[in-house]
Structures are given as C-alpha cells and as structure tokens.
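Chain lettering (A, B, C and D) follows the sequence in which the chains are written, and residue indices restart at 1 in each chain.
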Amino acid sequence: MNPYIPVIIVLIFGVVLGGILSGLAAFLGPKKYSREKMDPYECGVPKVTAGSEKMSVKFYLTAILFILFDIETVFLYLWARTFKELGWLGIIEIAVFVLILVVGYIYVVRRGALEWD
Amino acid sequence: MGMNLGIDFSSLLQWNDFTVDLVAFAVKFAILVGGLLQLPPLLVWIERRVPALMQRRRGPNRVGIFKWRLYGLLQSLADTVKLIFKEEVVPDGAHKVFYHLAPVFCVFPAFLVACAIPYGPDLTIYGYKIPLSVVRMDVGFLFIFAISSLAVYGVSLAGWASNNKYSLMGSLRASAQMISYEIPLGMSLIPIVLIYGTLDLGKIVEAQTSFFQWGVFAAPLSLLIFVICMFAETNRAPFDLAEAEGELVAGFHTEYNSAKFAAFFLGEYVSMFVLSCLASTVFFGGWQVPFVSYDALVAMLGSPNFVAPVGILMLLLKASFFMWVYIWVRWTLPRFRYDQLMSLGWKFMLPIGLANVVGTAIVLAVLRFK
Amino acid sequence: MEAFYFVPEMLFYAISGLILLSSIMVVAARNPVTSAIFLVVDLFFVAALYAQLDAHFTAAIQVLVYAGAIVVLFVFVIMILNLKPDALRGIRFSLGEALVLLITLAGFVIVGSELAHTAPDLTMPGNLGSAAIEMAGGNTYVVAMRMFTAFLWPFEIASVLILLAIVACVMIAKKDKRVTKS
Amino acid sequence: MIPVENYFVLSSLVFLCGLAGVMFRRNLIMVLMSIELMLNAVNIIFVAASRHLAQVDGQIMVLFVITVAACEAAVGLAMVIALFRRYGTVNTEFLRLLRG
C-alpha cells in the first residue's frame, strides 16, 4: 500500500481529534457572558493600545535565512543518500555548493543581520 | 474515465496485501493513539513529582480513589477533567476561526510524526510481514521534518488570533525560534544518513546491530546538536522564551483556556515523546537490545514475533530516558535571553552542524574510498 | 490488489477537489492570513498528489520547503506588517482581463490534450517505471543519482541563486536602518 | 489508473486561479501568493509527466522550481517590506499612482 493513504487517514484523524478537543469546551463548559471577562487578558491590566502592533523586521530576516538554509539542508540530504555511490566526485560537487552558501552566510553575519538587540 | 462501479466487494473480505495492510494499519494506529493520549496526564504527573523530589518537597499526593492515593497519580486526571469542564472564554476581538483552529494545527503534526517511528522489529503473521511503524516510508527523516515544520502554524496562529500583543510577540518569538533550530536539527542527522546510507528509519535501526554500531558512537557531535535542538523545537526550558513570565505572560497561549489549553499540552507532550523516540532510534539503536543481537534474541525467544514486545519495551525505556532529561534540564538550567538563543542557533549551532557534516563526510571518504 | 484500483481513483478526485477549493480560497479570501493558511492546505494536498504518483521525495520536499518554510515567510510578513483584510468591492472586471483568462484556459486545454495523446512517443531511452525505481533503490536514491550526474550544473547554479537571494534580501530589508543610523 | 489528462486539467485550473489572483488582487502579498499557486500548478504537471514518461527528470525540475520559488518569495517579500516602510501601504493601485 502506498504510504500516502495511511498518512491521509492519520491526518483526518488528527484534525478530528484536534477539533474535538477544541470543540469540547464549547459544549461542556458553562457559558456566562460578561463584558469584563471577554476582554483579552494581556498581562492583567486593562489594555492601553490596540491588540496588535508592528513587529520587528528581524523575524522576517530570520525566516528568509531559514528558507534558504532549509533548501541547502534538503540538497545535503539528497547527496548524503548517494554518498557511497558518488564517492569523491559527490564530495567535490557538494563542497562547491556549500562553499558558495558559506560565502552568503559570512556576508549575513558581517552585515549584522543576525544581531538581536 | 469514471469510477468502475462494478467493484468486487467480496475481495474486501479476503486476506490479500491490501486488506492485511489496512487492518494492520488500523490496529497499530489505534494502539498508538491510545498510548499517546495517556501521555499528557502521566507526564504532567512526572513533571510535578520530579521537581518535588529535586527540591525535597512532596508534590501532588492527595488525590486518589478511596484510600489508595497512588502517589497522586490521579491528580493529573482530576486536572484534565477540570480543564475540560471549564468555561471557555474567547477574548473579544479574537479571530473566531483561527482562534479555534490553532490548537488543531498544534495537535495533528505531532500525531502524524509519531506514525513514522519504528517501534519494534517486523512481525510475521501467517506469512504477511508487518512492520511495527504505522507508516513506513523510504523518506523517513524528511517526512518527520516536513510534518513537524507544520507545527509553526499552530504557534503563530494562536498568537495572531488572540488579539493580544503579548501573545503575538510570544508567538513570533516562539515560531522564529522553532524555525531557527530546525536547520541544525536537520543537519545533525545528515552524518547518520552518510553512515548508514539510508533515510528509512527502520533500516537505520536494523543497521545498528551491535552495541558499538549505535549512532552515538559514530556521530557523537550529532547527538549533542540534536538534543539541544530538541529542547528548542518543543519550546521547553531552557529555551521556553515564549513563556518568559516576566515579559510575555504565558506566551502564545495566554488567551487560551479549558480544553483548548489542554490541546496545546497534548501537542507539546506528544512531540516531546516523538523527538525522544527519534533520538533513541537514531542514536541508541531504537528497539535493539544492547549487547544482544536480534538474531540471538530470536534464537533465545523462539520466534521473531516474541522479540517485538521486547523491542517495544526497549525503545520506550530509551525514550523515557530522554523524557527524563527534558524534565531534569527544566529544573536545572536557567532560561536563555532571546538574543542569546538566536545567536546560539545561528552563529554556533549552524556552523557546528555544517562542520559536523563536512568532517564526517571527509573521514568516511578517507576510510571508504581511499 | 486488482479489486482496489478504485481507492487511488477516489482519493485522486477527493484530493483534487480539495486542491481546487483551497486554491479558490487563496485567491478569494479577504484576509491575507486566511489566504496563507489555505495556501498551506493547498500545498499539502498537492504533496499528497505527488506521493500518489510515487514521487515521495518530492512530496516531502514540497511540505518541508513550500508549506513549512515559504508560507511561514508569508505569514511572518503579514503579521509583522499587521495587514488588515482587503476591501474586495472595488474590483473591476475588464473585458480584456477576462479574455486573457479565457485564452489561457483554451491554450491549456489544447496543449494538454495534445500532449496527453502524443506523450507516449516522447518517452526517452533509459526510463524508469515505478517498479524499476523500487528495484533501483527507491525514489530518493534515483532522484539523487540523476541530480548529481545529469543535473550537476543546474544544481551548482541553484546555490549561486540562493546566494544572490540571501544578499539581495539582506540588502533590501536592512537598507532603511542604516540610513536612519547615519 | 488515473489518466494523465486529469492532472493536466487540475493543474490548469489551479494555474487559472493563480492568474486570476495576480490580475485582480491589489494586495502585493496576495499577488505573490498567487504566483506561488501558479508555480505549484506547473509542478503538478512536472510530476505527473515524470510518472507518465517514467523518468525522474520532472521531479528534479520540481526541486529547482521550489528553489526558485523560495528565492522569488524571499526577494519579493523583502521588496514588499521596503515598500511598506517607504509608503505605508502594499496596495498596487496606490503604488501605481506614485509612478506619476
């Protein structure tokens, strides 16, 4: 059996289970509405500004670097799977690939894109 | 070409590859889910008793049935019941759909990943070979990373949908942390693939036949990186920045309560368990018994089918060691600062991980290719 | 086994339905976060389609990189910019634009049906059927071998592309900060 | 077996969705997401054809398309962020007015 069939069944199950857990409270718990209670908790005091504000662009830079290194990891896995068969040729190929990316990594570190302050 | 409705339903009642696979899948999955759902209460109990032990106090010990107190084991059951019957408070201004959807995104990746772990050696029943992982596939590792990378959405949606700036901040921090440590986590297992030449977890366990062939001896640095990333991926101490009480209240799930809060717990504990299982599978021989080879065990017990329970027990034992480490570390190490956490991930773990890959490759190449 | 060919077929139609539905939702949703989440669903089920076609490695990469990384970037940007739902009312539907859509559809139908009918002739030597792929060591192995032999140059150039993207992103996103500092 | 035409039909419908998004949405981020949808539609054809022609080249192409998509999304979103900082909007209509 192609493994995607069980995966899809498990996926459906997981979503249903999450949904049940998520929906359980709505059916079982008491419901008493009060204006104060429904206010977002935040940190315990009445809120001063709106619920969401602009966030640091740092998160975005992290996400970008994540994508690019994620792809690198994928290619590394692909090479690792055929390491034995490719031999030294494969090592040279992947070395060039990694070296080019290391240049990018050094640039990012030098520019201070990874500094959190 | 539509569907041919002249389906031969009688073949559904016969045993063939497909029906055996289907029934085996259903049974294995039911057992797995049954086991996984017991995890959170048990782990919550352990997580209260262990620090009590460490701090020389008692921890929960009152709740029990009649006069049997069972060391307070039923406390977590009582807490679960309480959580489920609590009133659900959805904050005003929360995004109605995503607020309810976020716990689902936290729960299903954990369960899906749990299906890829090989829990024991293959069973043979009436000539049909049944692997003891719910889903066995060629891309093992990558499947696990792929699915667990989806858990980021649960965290980020929860914070975004709560209409709370501290939740949003906490969720962005938690998700940035999760994605940052995903790369060293992925890289730490590349040496394992280099050594064993496969991505299939079942085959990796089978390759670790004797004690000194365990992954930990072949790639000790990988284990270190993997364990550190394990903590970061599950947002556990010392990397539980999202829950830094002083600054961000309870992180991305501040506005969650009742059963939805329990759902986040379930997701967290199941993914802790799965990562522990993965660590034991890759580095500590999975279901293999130390010093006794599989063939010797088969000879000793008479049939491969009797080895399976031993194997499952062995894996659970090894995994519970890692679970213990999780709890132990939580009460031992102080929390990192966020900038320290991110620079640890990007400036230390990533280069070390890459160096680990390169080093292993060169050593292996020199040994193998001459 | 013969009797169960309807299972993949049924699943194909179910998955395609979900893909289409989520694609429409990606384009039609007012809230960008809704779009992003439907994009994840879309990409996930496309991965399921790949797995059905025995491309397990590609399916895993689709989820890992596309659904688990690229869309995370979108979600991050939407959250950082704190974008509000769009007003969809003012959308005009000009004749020209409708025509573009229609012509594209027609082009697809023609090219697709042509290809589907002539495709078996395109089969090149050295091909691998799914049984042959299993024999040769699995999907990942076959993809990797082909990648590191026949597709060596595109592979190395991909790394240059990634390098350029890294440099460009850091330059564009960090630019303003430097200006304000000086 | 599922005929390969079905994959072509599915792919072209997804592609059309993406095209409609690129044409009609004003939000730059939505436009980028629609482009992802179009690339994804192309990938479906690549994999289906790879199976149909019984060779893995299509799947390798998908890997490269995903790489390109990642770079495109990263740079595109970097520009969206730069635009948002400069003009405070990501609406294409508004940005078109700036061209003068």
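One rule holds in what follows: a contact is a pair of C-beta atoms (placed from the backbone, for glycine too) under 8 Å apart; a residue touches a chain by one contact, two chains touch by 3 or more.
Because the structure is a prediction, the values reported are computed rather than measured.
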(message) Quick check on the contact network: minimum steps from chain A to chain C?
(response) 1
(message) Let me check something: if the centre of a chain is the mean of its CA atoms, which chain is farthest from chain C?
(response) B
(message) I want to compare two interfaces, B-C and C-D. Which one has more contacting C-beta pairs?
(response) C-D
(message) Report the chain ID whose CA centroid sits closest to the centroid of the full protein CA set.
(response) A
(request) Measure off the straight-line distance from the CA centroid of chain B to the CA centroid of chain C, and report it in whole Å. (result) 28
(message) Taking the mean of the CA coordinates per chain, how far is chain C from chain D in Å?
(response) 7
(request) Using mean C-alpha positions as chain centres, tell me how far chain A is from chain D in Å, no decimals. (result) 20
(request) Between chain A and chain B, tell me the centre distance in angstrom, where each centre is the average of that chain's C-alpha atoms. (result) 16
(request) Specify, in ascending order, the residues of chain C that touch 2 or more different other chains. (result) 7-9, 54, 56-57, 59, 61, 64-65, 68-70, 72-73, 76-77, 79-81, 139-140, 143, 147, 158, 162, 165, 169, 173
(request) Would you please write down the residue numbers of chain B that are in contact with two or more other chains? (result) 17-18, 101, 137, 142, 160, 168, 172, 176, 179, 199
(message) Quick check: what residues of chain A touch more than one other chain, meaning two or more?
(response) 3, 7, 52-53, 55, 57, 59-60, 63-68, 70-71, 74, 81, 105
(message) List the residues on chain D that touch chain A in their complex, please.
(response) 63, 66-67, 70-71, 73-74, 77-78, 81
(message) Under the definition above, what is the set of chain C residues touching chain D in their complex?
(response) 5, 8-9, 12, 16, 19-20, 23-24, 26-27, 32, 35-36, 39, 42-43, 46, 49-50, 53-55, 57-58, 61-62, 65-66, 69-71, 73-74, 77-78, 80-81, 83, 86, 91, 93, 97, 100-101, 104-105, 108-109, 112-113, 115-116, 119, 122-124, 126-130, 132-133, 139, 142-143, 146-147, 150-151, 154, 158, 161-162, 164-165, 168-169, 172-173, 175-176
(message) With touch defined as at the start, can you tell me which chain A residues reach chain B in the complex?
(response) 1, 3, 6-7, 9-11, 13-15, 17-19, 21-26, 28-32, 37-44, 49, 51-53, 55, 58-59, 62-63, 65-66, 69-70, 73-74, 76-77, 80-81, 83-84, 87-88, 91, 94-95, 98, 102, 105, 109, 114-117
(message) Using the touch definition from the top, list the residues of chain B that touch chain C in their complex.
(response) 3-4, 7-8, 11-12, 16-18, 95, 97-98, 101, 137-139, 142-143, 145-147, 149-150, 152-153, 156-157, 160, 168, 172, 175-176, 179, 199
(request) Spell out the part of chain C that touches chain B in their complex, as residue ranges. (result) 1-4, 6-7, 9-10, 31, 33-34, 37, 40, 44, 47, 56-57, 59-61, 63-64, 67-69, 72, 75-76, 79-80, 138-140
